[in-house]
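To keep things clear, I will list the structure first and then write my remarks on it.
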Amino acid sequence: MYMKKIINEPSNFVKESIQGLVASHPDIYSFAKDNESVITRAVKANNKVGIVTGGGSGHLPVFTGYVGEGMLDACAIGSVFASPSVDQITSAIRNGDNGNGVLCIIGNYGGDVMNFEMACEIVAEEGIKTKKLIIADDIASASYQEKSKRRGIAGMIYIFKIAGSLAERGKSIDEVFELALLANENIRTLGVALSPCILPEAGKPTFEISEDEIEIGMGIHGEPGIKREKLRQADPLVDDLCERLLADIKLQSEEKVSIMINSLGSTPLEELYIISKRVNENLTKLKIKIIKSHVGRYATSMEMAGMSITVLKLTDDLEKNLLSNSKCPFWTN
Amino acid sequence: MFNKIEMIKIFDELFIKSKKYYNDFNEADGKIGDGDLGITIQNGLQEILNNKDNFTDDLGHNFMICSQAFVKKSGSSFGTLVAFCLMNISKSLKGKKFLTHSNVIEIFEICIITIKERGKTNYGDKTILDTLDLILNKISETKDNIKYNEIFKTATKEALENFKGKKILIGRARMFDEKTRDFDDPGMLALCKLVEGF
Amino acid sequence: MYMKKIINEPSNFVKESIQGLVASHPDIYSFAKDNESVITRAVKANNKVGIVTGGGSGHLPVFTGYVGEGMLDACAIGSVFASPSVDQITSAIRNGDNGNGVLCIIGNYGGDVMNFEMACEIVAEEGIKTKKLIIADDIASASYQEKSKRRGIAGMIYIFKIAGSLAERGKSIDEVFELALLANENIRTLGVALSPCILPEAGKPTFEISEDEIEIGMGIHGEPGIKREKLRQADPLVDDLCERLLADIKLQSEEKVSIMINSLGSTPLEELYIISKRVNENLTKLKIKIIKSHVGRYATSMEMAGMSITVLKLTDDLEKNLLSNSKCPFWTN
Amino acid sequence: MFNKIEMIKIFDELFIKSKKYYNDFNEADGKIGDGDLGITIQNGLQEILNNKDNFTDDLGHNFMICSQAFVKKSGSSFGTLVAFCLMNISKSLKGKKFLTHSNVIEIFEICIITIKERGKTNYGDKTILDTLDLILNKISETKDNIKYNEIFKTATKEALENFKGKKILIGRARMFDEKTRDFDDPGMLALCKLVEGF
């Protein structure tokens, strides 16, 4: 089955989809005045820490979908699966700044991190204070010992939400950074990919995988995972993923968590709920309390089939900010 | 003597090469990456030349213009690393009107430190770092009558040769794992082609 | 590319996915005490008209995802792409009734309509007053002259929302019915399908379509549409669909509408926004005012590729109830 | 004489047939539908027999039990139509202990009216309506010494024959359009097989 796309010129894919996003939700999103690859809130916040992110396209709602009250202030938009440029990132930071400094939340990818670093140095000369939080939630991408080398995947949305909520409540950049850092420490994600997606400009699949195989831990651009194996039933697969996640995050009974069951694109809600059911059973057996489940498409790779499971260990503070109100088409409170 | 005039001449020359090899660079990057290396290099150099009228006798100032050109035009790792290198070079050459031999050595040292730091790259990862390292070695061990052009040409070629059959260990290409043994690192290839005919 | 599924026994597909839905959102959904194929609100409403629907599985969030405050009270869940039984529907109506009568909102499919009719007759004997609204928004499925024969597709969600909102505000069954009827009159949907989906039990695609073809107007189970044609670029395709929709709904300039760009499953948000952009341009050119756009997966066919465009012509009353608050994981206010 | 005892005997017989042809019915429906016709019929009949101890001499009462059985067990069009027919038959037979010839005619008339109304079906759509219509015609035109069983057997077969090569115009099968010419309507086929050997 060929993956067909409803698009115009492949070279306009990113531009047009973002124009559509802004046109569809003019109350939420706006183009930055100085850069057409930067999205800001429709109504600029004031007197709060700015929360800014950026990253490649093809992952909607990540990244730019999460701009909105109680979430992000601005986002720099790269090409499909590619980092935004330093120039775009500096624009996002300038636009996201409300005079109280900017927390940059960055997925742990070489290009993105480098570009954010340079952008932060540039805006520092202009007097904008920044802090950088590098999201590294994907346990497949490096061992516990090398945690800081892990990639950032679906778990980043929890950080957007929690940092966004605290910033909205007028906290200082250091306070927001501290809580976001704690969230980052407390998040683990592990996914599986079942099929590739097609890059609009390349017109060919991002990787090859046979009809009865899955790859555990594959990244959202098709980066290699832990192992390739035969497709099996949902329950044993979920049990395996849960075991790895729990071994890494080391939860105690009675601890509180939030869960995200994220589709990479084409895997439908019905399957996500079959997965969610099993995750629920596994955690309940260990007397871990699921405070809130998020099931849907949060961080995608266009029409890739597959999913990821994210566990966020909650403190009272994290819980409060996770559950607080926000206004963004891709998040229900 | 490397001064403002010479600097513009070199960028003119590099720009011509970047157009000539535009497709080759994209293709080389496309096989194990996202295929934007030709775009990155050409756009960056083009933007530098767009701003050459702002060049002054202060080489440090000029390198800052070059850095900003890459900042503005590139969304790629190569472009950002180049921008970082040019920025750091600019700082160290502030006020200088021409380059001494030790300045040239310093430039390559700065590039190497910058790429290691910013790119989190190690020697042997099969990247431009390995090419620059070889250039630096060759420049350092030559004492008199140095033909920089010759060194650039041989060193960039030799670096490519040294890494044939080895895996690329960093950047987007890493995804392709074993497959990368069969290909030159696109950045190393680009350095080689850009100095061709110097 | 084979469509792989993360499921257990295919025969448990529906049951497990619904169990997962309830387990994941226990604050929203609950199983009916008397029927495990009926979902009710977690907290029963009181003193309001009940809003009940039902239909086949495989369309999440349709149907049962829209149970929640300000939306539905109960929903009967059939097998994949099949009507729920009369027995399930009677249970949904009984559970959805709060003593003020029940409005049944039914997609216009033979089996579903028949089963709801019988269920309404059965509960009538028990003293439950019902009204039935049959959703017929798909302009591909019958001509304007035979409007009442049209199928119900994504437009039904607007009816859930509007009827649900008015019911929540304590209006009588006749008032709720009248506004829902007006909404039904004012809704038009048209879709295209690009690829089939796989029925879990059958394990084979629902229909065949070649790699470069699309079918305009195909239904959400693969029912035939208006015509099959070569895949083309998004803009001319959208222009064609808009022209057909506008010819049918006959909008005047300055009129207000809401728009829904709905993915059938695997078509990603990026493409939906490219489509939404063009819909926006077309309507803006005609000076039609888009009050609100909904872009996402609202009524799906598992992992089918394709999308539909829905136009809802708004009166002030419809607008107010469309934009009112509600609580359901698949709707952001 | 058709009374309670006879009624149970007939349902026993139909249930045996529904098991015998379970796979055939599912398969016939699966080719142009969702493949649940065998399930629908067997489950409905099974549930009727589960409740046969509640049968009384009042045939109207018994038909209501039968209707409820199909309501409870079927999520399919066929099952719902049968349930509607049985409900309406029940109402008209209220208090009756046995059937006269005109009662039998009435039963088929009720089925036809019910299916037309509830199923929004027309004659010629190639459904069970067409089979029932043929049965009704044959029963009505026969005056004395009527062998119902014989009529059921020949009429259900004849109806199938009459519609070979025609398109199914209603229900889920309609989706398959031209392809439906090559297949019997599963409901018509089922009626034919169920009365076999009567």
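By written order: A, B, C and D. Residues from 1 in each chain.
Everything that follows uses one rule, which is that a residue touches a chain if its C-beta (ideal position, glycine included) is under 8 Å from a C-beta of that chain, and two chains touch if they have at least 3 such contacts.
On a predicted model such as this, the values are computed, not experimentally measured, just so you know.
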Centroid comparison with chain D (C-alpha atoms), farthest chain: B
Centroid spacing, where centroids are CA-atom means, of chain A and chain B in whole angstrom: 33
Distance from the mean Cα position of chain C to that of chain A, given in whole angstrom: 29
So, what's the distance in Å between the C-alpha centres of chain D and chain A? 57
Just give me the whole-number Å value for how far the CA centre of chain B lies from that of chain D. 83
Those chain pairs that satisfy the touch definition: A-B, A-C, C-D
Which part of chain C faces chain A closely enough to touch in the complex? 1-9, 13-14, 16-21, 23-25, 57-58, 60-61, 65, 192, 194-196, 205, 211-212, 214, 231, 233-235, 237, 259, 261, 265-278, 280-281, 293, 295-297, 300, 302-303, 305, 307, 328-332
Spell out the part of chain D that touches chain C in their complex, as residue ranges. 30, 34-36, 71-77, 79-81, 83-84, 87, 118-120, 170-172, 174-175, 177
Touching chain B in the complex, chain A uses residues 78-79, 81-88, 90, 110-111, 114-115, 117-118, 122, 202, 221-224
